[in-house]
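In what follows, chain A forms one complex with chain B and a second complex with chain C.
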Partner chain A sequence: MDLIVEGISRALVLLFTGDAELWRVIGLSLLVSGTATLLSLLVGIPTGTFLALTDFPGRRIVVSLVNTGMGLPPIVVGLFVTILLWRSGPLGGLRLLYTPAAMVIAQCVIATPIVTGLTLAAMQALNPKLRLQILALGATRLQMLWLLMREARLPLLAAVMAGFGGAVSEVGASIMVGGNIPGQTRVLTTATVMETSRGNFAMAIALSLVLLWLMLCVNAFLTVIQQRRRPL
Partner chain B sequence: MKREVLINCGHWFSPLAFALLAIFTSACSASPWMSASASSRPSDPEVLLATTTSIQDSGLLDVLLPVFEERTGYVVKPIAVGSGQALVLGERGEVDVLLVHSPDAEVAFIAAGHGVDRRLVMHNAFVLLGPPADPAGIKGARSAVEAFERIAQAGALFISRGDGSGTDVLEKKLWTRLGYVPLGQSWYQETGQGMGATLNVADEKRGYTLADHGTYLARKKGLTLEIMVEEDRALLNVYHVIRVNPDKSPRINAAGARAFADFMVAPDTQALIGEFGVNQFGEPLFIPDAGKREEALGE
Partner chain C sequence: MGEARDSDKAILRAEGLIVQRAGRTVLDIPALEVARGEVVAIIGPNGAGKSTLLLTLALLLSPTEGRLWFDGLWIDRQVDRVALRRRMAVVFQEPLLLDLSVYENVAVGLQLRGVSAAERARRTWYWLERLGIAELARRPARDLSGGEAQRTSLARAFALAPEILFLDEPFAGLDAPTRAEVIEHVGALIRDTGITTVLVTHDRDEALALGDRIGVLIGGHLLQLDRPEVVFGTPASPEVAAFVGIETVVPGHVIAYRDGVARVQVAQRVVEAVAEMYPGRAVWVCLRPEDVTLLSEDAAGESSARNRLAGRVVRVRPAGTQVRVTVDCGFPVVALITQPSAQRLGLTPGQRVVASFKASAVHLIGR
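Let's turn to the complex of A and B:
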């Protein structure tokens, strides 16, 4: 119990004294997971929308794959990305292993199915008659998509939050492809694992609290956008 | 009317898009983004070092690497894994240089042509730890093997690393020397994790475990485990630096590996190693050994 109290006070001290190392770790966590989330949105939202609005042979198989992917174990992703990026692997020439870029790739693979699956669910939950109505009013295809996404913005933002949450909180893949190298690939989760292993439990608790605080900040920001009333 | 709707559509999306754009642009300009950096002196500045969790957990590299990087312009990426995994990474040519403590496996590694230039860097000792109650009565045993025998006879809980690390290999060797196969016994449990995590488990479950002295000293404050057996020649923990055979892959940074290996055995580095931990623990965590014969250690 005293450890938790010590952890909380250590977290506050570190945050407010502007500990350079901690802020670098926080910055990298945001940078890596933010970029991974952004890329997963670029892929996941169009894919989810496409799967929701079209029908083609084998669609159910693809949807099942996406839904399974929502629970993709990070360590499995980490292992495959590591082997792909090894010097002897097919992408070894890019020299990306143990860089933040490798972590972005791994986290993006984890977040994309989450965003895709939730987008799919959000778009399918819309009343199918809405599409007909929008088209009947003379909207082009792009205008229709935009209006549908606008209509589904609450669950779509939930998809953004879930994607970011999946990316920033995973540790297995990040430690494998990033290597937890100080100043280069050390993020909040991998630093927490290391401090636990070193027996610095108070520091580990402090880092966990900082991670929770970071997720709260990002989600509060997204929630404010999500819950804003429509000026109509 | 339609046009107005479309313009309005942007109202909720734009702050989000802006935020993500901001993240993305800062991402692209971040300096450690790609591994190649043009400013350093060596043509290929990045050196991948596979080392052990016990080295990382001790904090020794936090002291040595900045000195090396400052002096040579190389940037070392230390990957902390068990010695077993480190040797496999070396065998595959995925890393440039190794700092490991699994002597028998290292000799085989060199013999197979995976590595070159194996040089003695330092040693410390393993210690056999146990709960203060000492249920198997091993305190005062003359050797580690004798203590292992008592643990097996008493069926007292033993927590093993079980991760193929140097510590794990040595522990298995001691059981073999005893002619005993503990695996599968109910009192013998493997964590499959690093030294720090295994100490946590042994402490929580009040089991015996084998740990390197450095990690034990660093972790001593938070543990109830006590030293049961030490100062047995069989418990020497010897670290070597090995360069991965540059013929393995054209992507190996041979010059960087050589610079790092030379650095580890240089006199001033050896002095730094000898001082490491003295301020914090009152004794050094590692004894520098460059240039000594391995057989002469611990005499």
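Let's turn to the complex of A and C:
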């Protein structure tokens, strides 16, 4: 019990005295996971929308692949991204392994199926006749897509939250492709793992609190947008 | 591009329209024309292809075969469908409103067309007023009642000032009092604006209330398209007859003709009908239930109608304020009579009565 109380109090001290290393870790976490989430939205939202609105041979297979991807183990992603970026691997020439870029790639691979799958579910939940009505109102294809996405804005924001959550909280892949190098690829999750293994619980608790606080802030912001009543 | 035709007075014309779904033909319309300013009401049972026809005419569904012209323009593959759809409006059975305010819903079509904000506001408020929903303008559409939502959907369509308005069972989801009110309101708006309208519905009364012409669509075929009194008075086929409320449709043979009256043998009985049909002709004998009077056997002489058929009551069923009685006269005759007459006759199954109807009430269709 003392361990926890002491850990929390020391964590608060660390946070409010502005420990440089801690803030560097927070900043990198936000940068890496934010970028990965943004990229996953760019891929996932159009893909999910396309899968929801069109029918083609093999669609079911693609959909079940996406759904499987939603539960992709980060360790597996980390392994394959590592192999891909390994010096002698197919993309080894890019020299990305153990850089933040490699972590962005790995987190993006984890977040994209989540965003795609939830977008697909969000768009499929709309009344299929709504598409006909929107076209009948004289919408172009792009206008129709825009109106449909606006109609599904609440579950789509949930997809954004889940995507960011998946990216920022995963640890296995980040350690494997980033290496937890201080000042370069150390993020909240990887640092927490390291501090815990060293028995440095105060720092680990501080990092965990920050991670929770970060999730809370991002989700609070998105929730405000999601639940906002639109004025006339 | 499509070819323009000077001779085209029709705003909408279809030729050889065929729509197939999963290899099955669901719609087969050799020819259909809608004149500018008229209201065409298409009636038919569920699954007759009514919505398919409407979606095809509204350019929301491509027919498997056939050609369509809108305002003289042949709609081929190259035609800009969005531009043409912007001259039309469609109201569906479900209001299909967006998750926005009532005002924004009514304005959305104008917004898609890039209509200026001032003009948009003017037209939106005008139609909100006309549909009687102006005080709901700021309400979220999801909080509306069924009637309010359908009025919003109608306002959204009228605000577009369409050249043709398509109505797909727009009153079917409303409760009876609201429905009567909305139908009357829409009828007045259509007459006022003179908008060409195509309505599809399974409800005869809606079609009668709004249609200048009524079409009967059964099994994907347009069996008759004519003025209401023609379709309801002289249906072209037994299927149409049955659908327009003629409950007695039985086969017979003309055995004599004299002075405009044909004598038709039906089962073992003879029915007289005002019709020019000659002996030997196979016909369908059609009779509306409201044209049949029931009399007790001893009062049969009081009727001046030419047809007086004795029979036995088979079934008695209440039908709103009236009573529907099926009488076996060798063939079933359905009569719709008032509750007082039913009580006076004390109708029960098995009782003997006389079904009486005028020769002019009988409609014959050649077989």
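In this text, the second predicted complex is superposed on the first by the 232 of 232 C-alpha atoms of A that agree within 3 Å, B and C clash if a C-alpha of one lies under 4 Å from a C-alpha of the other, contacts with A are read in each partner's own complex, and residues count from 1 in each chain.
By our rule, a contact is a pair of C-beta atoms (placed from the backbone, for glycine too) under 8 Å apart; a residue touches a chain by one contact, two chains touch by 3 or more.
Just so we're clear, the structure is a prediction, and the values are computed from it rather than from any experiment.
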Which superposed partner A:Ser64 touches (first chain B, second chain C, both, neither): neither
Partner chain(s) touched by A:Leu137 [first = chain B, second = chain C, both, neither]: both
Touched partner set for A:Asn127, first chain B, second chain C, both or neither: second
Residue contacts with chain A in the superposition, chain B compared against chain C: B
Partner chain(s) touched by A:Leu147 [first = chain B, second = chain C, both, neither]: both
Partner chain(s) touched by A:Arg95 [first = chain B, second = chain C, both, neither]: first
Contacts of A:Met194 with chain B and chain C, given as first, second, both or neither: first
Shared chain A surface residues [contacts with chain B and with chain C]: 137-139, 143, 147, 150, 230
Partner chain A, residues of chain C touching it in the complex: 55, 58, 60, 82, 85-86, 88-90, 92, 94, 96, 98-101, 103-104, 108-109, 112-113, 137-138, 140, 156, 160, 166
Chain A to chain C touching residues, read off their complex: 127, 129-130, 132-133, 135-140, 143, 147, 150-151, 229-230, 232
Complex interface listing, chain A residues touching chain B: 30-31, 34-35, 37-38, 41, 86-88, 92-93, 95-101, 104, 137-139, 143, 146-147, 150, 153, 157, 160, 179-184, 194, 196-199, 201, 221-222, 225, 228, 230-231
Chain A-facing residues of chain B, complex: 2, 5-6, 8-9, 11-13, 15-16, 19-20, 23-24, 26-27, 30, 32-36, 46, 48, 53, 56-57, 59, 62, 77-80, 92-94, 193-197, 199-200, 218-219, 221-223, 249, 251-252
